[in-house]
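Shared between the two complexes below is chain A, which has chain B as its partner in the first and chain C in the second.
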Partner chain A sequence: MPYVLRRCLLIVPTLLGVSFLGFALVNLAPGDPAEQFARRITDHPPTLVEIAEARERLGLNHSVPVQFVQWMDHAAHGNLGISYATRQPVSTELRRRIPKTLQLAVPASLLALLIALPLGSYSAVRRGHAADQVVRIGAMAGASMPSFWLALLLILLFSVRLGWLPVAGRGGLDTYILPTLTLALEPAAVLARFTRSTMLEALGEDYVRTAQAKGARQRRVVTRHALRNALIPVVTYFGSRLGYLITGAVVVESIFVWPGIGRLTVDAVAQRDYPMVQGVVVFAGLTFAVINLLVDISYRLVDPRIGVGRGVSR
Partner chain B sequence: MTAGSGVVLPPADIVSPRRHQLRGVLRDRAALLGLVIVVVLSLAAIFAPVLSRHDPNTVDVSRKFLSPSREFPLGTDHLGRDVMARMLYGARLSIGSTLVATFAVTVIGLTVGLLAGYLGGLVDNLLSRLMEIVSAIPSILLALAITAVLGIGLRNVLIAIVAATWPTYARVIRGAVLAEREKDYVEAARAAGAPMRRIFARHLLPNIIGPAMVITTLELGIMLLSISALSFLGLGVRPPAAEWGAMLSEGRTYLSRAPHMMLFPGSAIFLMVLGFNLLGDGLRDLIDPRIGAASH
Partner chain C sequence: MRTIRRVTVFLIMALAAAACGGGGGSDNSSQASQATTTTAAAQIDTTKEMKVGFTEDQYIVEGPDANLGAYPLNTNVVETLIYMNEKYELEPRLAERWEFRAPNTWRFFIRKGVKFHDGQPLTSLAVKGMFDRLSKRSGGSTVKAGPDSAVIVDDYTIDFTPTVPNVRVPQQLVHPQNAVLAPGTDFTKKPVGTGPFKFVEYAPKERIVVERNNDYWGPTKAQAAKITFRFYPDSNARTLALQAGDIDVAYNVPRDDVATLKSKDFVISNSTVGAYRTMYVNIHGSAPYDILQDLNVRKAVAIGIDRAKYVSGVLNGLASTDQTWVPPNALGSAASLVKGFTYDLAKAKTMLDDAGWKVGANGIREKAGRQFKLTLVSGFPAADILRPTPTFIQSELKGLGIDVTIDERPDSASFQALVTDKKGDLFLEEGNQNDANPGFLPILLLYTGPGSSGGTYQGIEAPGAKFDGLIAPALTETDLAKVQTIVATALDEAITNNVSMIPLAGVFRSYGMKKTVKGFVPHPSFLNVNWITVGLTK
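Here is the complex of A and B:
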């Protein structure tokens, strides 16, 4: 438990830093934030009184450190400011978009695991054979594929030419297929490469050789002994990819007109909606920090030696 | 620390490491393919004016959306411009900006990584926290946010990408320095009273160059992908400048009418990234099979 506590405390400086980064972004943006706010929030050019009111409302009369503390205080209470574009609270918009991003990120990451684990382990077991070569080349190509091009190729084939699937938008189940496929390819390729190398390492370990020497079947050796141990770094790595999928599906969401966090970010950047950009940055930092925390803790809990012991005794 | 890798590099003063690496890359067929792709596309960029038969920016709507032909080997776009010429000139902008961004990341990453790893203590602590904070936000998202502040344009996109991605590089270098620093020969040099500058230049740097070369090569692919992605989103070059990501974005609008408009720039980005990755992978296998997981 002390470890868990220590690890939890470690994310505090990161979160503070990310918040400061988000805070600084808006303050570094060109122009007077009060004037910007007044201009965006009203429909006419703002009067001096309105600008002064905005300054008061945003707390810009105070010194920068005080502003940061105030901003942190608000953020801690879930108040991330008002969007310039929608004039709604940033947190409301984030809460509306997050589930939609998750609806793509979760199936995509599961699909990636489903592709990568078997292919990566098979490739390791058949090291040097034709199957290994095919998997390696495929994984290399997959990792080099720009997601935005893959998306266009899939749309061209399945939507334009064959007419099987919708071009874009979020609706029935068929609208999920192309974005999920696009999102899954890169992590699948990278994970397959990673699985292969950790499997190769595990297959060279003493306990695997022992299992082989005592006459265990190859299949059993691979699944029971090697894969179990290779899985731990793979899962750790998977955790970090999941963070990227949740926060980084920027291009794919934008191509498929998917109303998630990624598209929200692109729109906010295009409209110079600084509070929204700030909100997304803080959300992403928080998500990442929490996912890393969970991965680290679970890594600690799943002691690799326990896994092997159980595998052998059964 | 030595995993049963079987790759043992000779000491730097017996065989020139660069010659050793070059020979190794030539033996590795995948890495060789990567090298060929990178060289061919780079040559295409360099000789763009010689190789293109048309001006990349000449608009002629009477010949728009032409399919590939003898006159226009890659067809024409929605404004009747020669896609071949735009691809060649686009290579200059895409590869050129990739090189600039990668160079910047390499310089920053090396400096910060060496400083943090070698000095340790408070400096290391502060720099490491900074790296943690910056890499706590996905780089594409952070790059987007920075572009929002700086404004649209290729130069700003490059600044944003460099600012968002340097920690990955610095972290690997820091790790390599830490591993190297603990070794006996550095210990011995320090005990013998060698000045810090000498230890840095004679002992640490030569052993960092290998991993640095690998990450720099892999970084090239990541940079090209990031720059293309932001250009694709319309944040990079302004029209009519030809750049692969921006061309792909234009091609997207005419997906059904003129698919060649997106097929060629997309293949170019894919091929070039593949080339960088194959080359980087080959170098890594040669230098140290273990740094791979950390660098991605």
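Here is the complex of A and C:
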């Protein structure tokens, strides 16, 4: 069976596993979704009768395993259920939120790459020089800084002090700048460090020395010979970061009031909105599975010696 | 496997973020007076648009519970038959008057000459639609509406008969979820009401926009041409948005930000008490949560807490030391009947000594080999909103020789689970009163007599037969002033005599705004803010 098809089929048990895990985790969290639901619609501490009605209405009067099996059955037919909180289909809510998260994740990923690859390569080429030190310290700071802290610093500077950009919310292009920057900086810093170290390794290889000995220009040696070979671990890391960005940057979306998947996840967990949590879990599982597959496939593009599913061929 | 691991990490991150979950408080210069509003109107530029920062978007946009534009953020697109003003008093709105017709019917006389935003006239038909909508909600909503409850008498008169005896219908109808919609419309996508503003657009979790209704039936039109309400669940983001000029008004300003905002020339407008902080006492607990079964011990704990210090030191003065639990205005002049507790540390110590709890070697009291340890559960609506109150209580009770363990719950669901299971001695929460029925919460949470609907709180704190007997007349009395007296007397029994709860403070609702905002009247209930008078200066 072709490797790609095998990997695609593996997604099914993976999704089953993550769904079960998600269901178990939300059910382990203390709190009664029926009580939450009743309180939300009545605006007062619900009575036992109201809680019982809510439980019946939400289908929570079955045991957890039965609920899980029921959910699986519906999910297999493309029905992810109805959100306890909004009373809308989970799939509708996901469809509404995913594009908004992508609107941040895609530019943030590109920005991270645009920052990291040149800086990491330059730092490796200029190893030991002042520029290298600056890049290393900057990357260290960027990788260490919590995103919520960075977000607040950016808001204080660009929104409160300078008044150039809005604090939060989604609207015009200016509302994208701060959350994108916040999302991009940490992966950019880590990627730059990755790129630097893998470039240093590649620059010490025989084929690089051979290219230099043959009189190839330094730029060509770096970009065509060293960087290309240094990219595999970078691609692996980038793939995993992309997964996190697409499945919702929980903290950044919360701070910048961005109505994406991350914010949806936080709300769903807090409200004990089990169907929504399950929907997000399935989406996250699917995203990571697909990205992992794409990363594996991309290895071959980066290094043609690698046969997909067979490792490096000599 | 790698994928499962990553998704697990993602889920744990999400749970942790949810656990890191906003509060309110301001100035003594409440802008509530009508005179101020009138003066402000002269200074307002009616062509200007306003931006308002609200908390979280919690609109429901499906089914009979849908409430877009009405609750919890009331955008003034829709109106109720009766309005509750900032003093918890009833004012006629779409109903000009109402009367009780024994044994269980309320007759409403509908205002004439009112039109919905789509041009339809307001008649009894629309009001019947409202009651029919409520009948489809859980339990027929608070008013207890049934499918046959509303009967049209004529175009401008309608009778409403609840499914069970309910003499508090007018006080309950003030809630914006009970608003009247144009016939043939609903709350799911585009609410069509009679209010001073018309619905423009709604972007879930982002904003809701309304514009002035130039055909509004009232004597004055809205001052702002348009209002964009933006949702900021995070209180810091909301305050920063105000400072950055993104919004003109911010709901629920955190009390820690009040001094900063004032120093930067922003106006802080405080309502009267609209919320309360209280500790519900587990008086029916079993070991290890049974120490507070002793009434004298409960009283000692209650008088051992310095509320003046709490209000000034912890709540930055943005609260009152009222111990009525429900907002004092809801009880009217009867509020003074709830005596509460006077701080007396020496007397508290003596009472504990007399109860057999003697100070041990490590300063913690002991009785028959058992140390005096209490568990304080904090978490409604969320632990972060209530901080640092638990630490304050812990410190105060340590002075009495009581060792308090704090159990913080990130959200109301996990808090409620402990209430239901009675796992704790003291349950700290901040609640609020959003309708004008003074007996609503006491009956809902404490009453166990005939007609009680039951609830999780009764399990820990129901005071018992004497309280039930005192408050029962409120279930059948139609005169509001008499009800206020009945409820206040019963509350005095529950609080002062029985210590079923230990009220800590009455909390103000704080709104932050630019100096250019005029005509704002701070309402103690966030649900009932009246935006018609508010605008920006020329």
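One rule holds in what follows: the second predicted complex is superposed on the first by the 250 of 314 C-alpha atoms of A that agree within 3 Å, B and C clash if a C-alpha of one lies under 4 Å from a C-alpha of the other, contacts with A are read in each partner's own complex, and residues count from 1 in each chain.
Here, contacts are C-beta pairs under 8 Å (C-beta built on N, C-alpha and C of every residue); 3 or more make two chains touch, one makes a residue touch a chain.
Keep in mind the model is a prediction, meaning the values are calculated, not measured.
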item	value
First, second, both or neither for A:Q36, with chain B first and chain C second	second
Touching partner for A:F288 - first (chain B), second (chain C), both, neither	both
Touching partner for A:P166 - first (chain B), second (chain C), both, neither	second
Touching partner for A:S144 - first (chain B), second (chain C), both, neither	first
Touched partner set for A:S121, first chain B, second chain C, both or neither	neither
Partner chain in contact with A:R87 - chain B first, chain C second, else both or neither	second
Superposed model, chain A: greater residue contact from chain B or chain C	C
Touching partner for A:R96 - first (chain B), second (chain C), both, neither	second
Touched partner set for A:E53, first chain B, second chain C, both or neither	second
Touching partner for A:G17 - first (chain B), second (chain C), both, neither	both
Overlap of the chain B and chain C footprints on chain A, listed as residue numbers	14, 17-18, 21, 25, 29-30, 152, 155-156, 160, 243-244, 247, 250-251, 254-255, 265-266, 269-270, 272, 280-281, 284-285, 288-289
Touching residues (chain side chain A, partner chain C) in the complex	14, 17-18, 21-22, 25, 29-33, 35-36, 38-51, 53-54, 57, 85-88, 96, 152, 155-156, 159-160, 163, 166-171, 240, 243-244, 247, 250-251, 254-257, 259, 262-263, 265-266, 269-272, 280-281, 284-285, 288-289, 292
Residues of chain C touching chain A in the complex	2-4, 6-8, 10-11, 13-15, 17-18, 21, 58, 60-63, 65-66, 71-72, 137-139, 141-142, 175, 177, 203-207, 230-234, 236-237, 240-241, 243-246, 409-414, 416-418, 420, 434, 440-441, 444-445, 453-457
Chain B residues within the chain A interface of the complex	3-4, 30, 129-130, 132-134, 136-138, 140-142, 144-149, 151, 221, 225, 228-229, 232-235, 248, 251-252, 255-256, 259, 262, 266, 269-270, 273-274, 277-278, 281, 292-293, 296
Contacting residues of chain A [partner chain B, same complex]	13-14, 17-18, 20-21, 25, 28-30, 140-141, 143-149, 152-153, 155-156, 160, 190, 194, 197, 201, 204, 233, 237, 243-244, 247-248, 250-251, 254-255, 265-266, 268-270, 272, 274, 277-278, 280-281, 284-285, 288-289
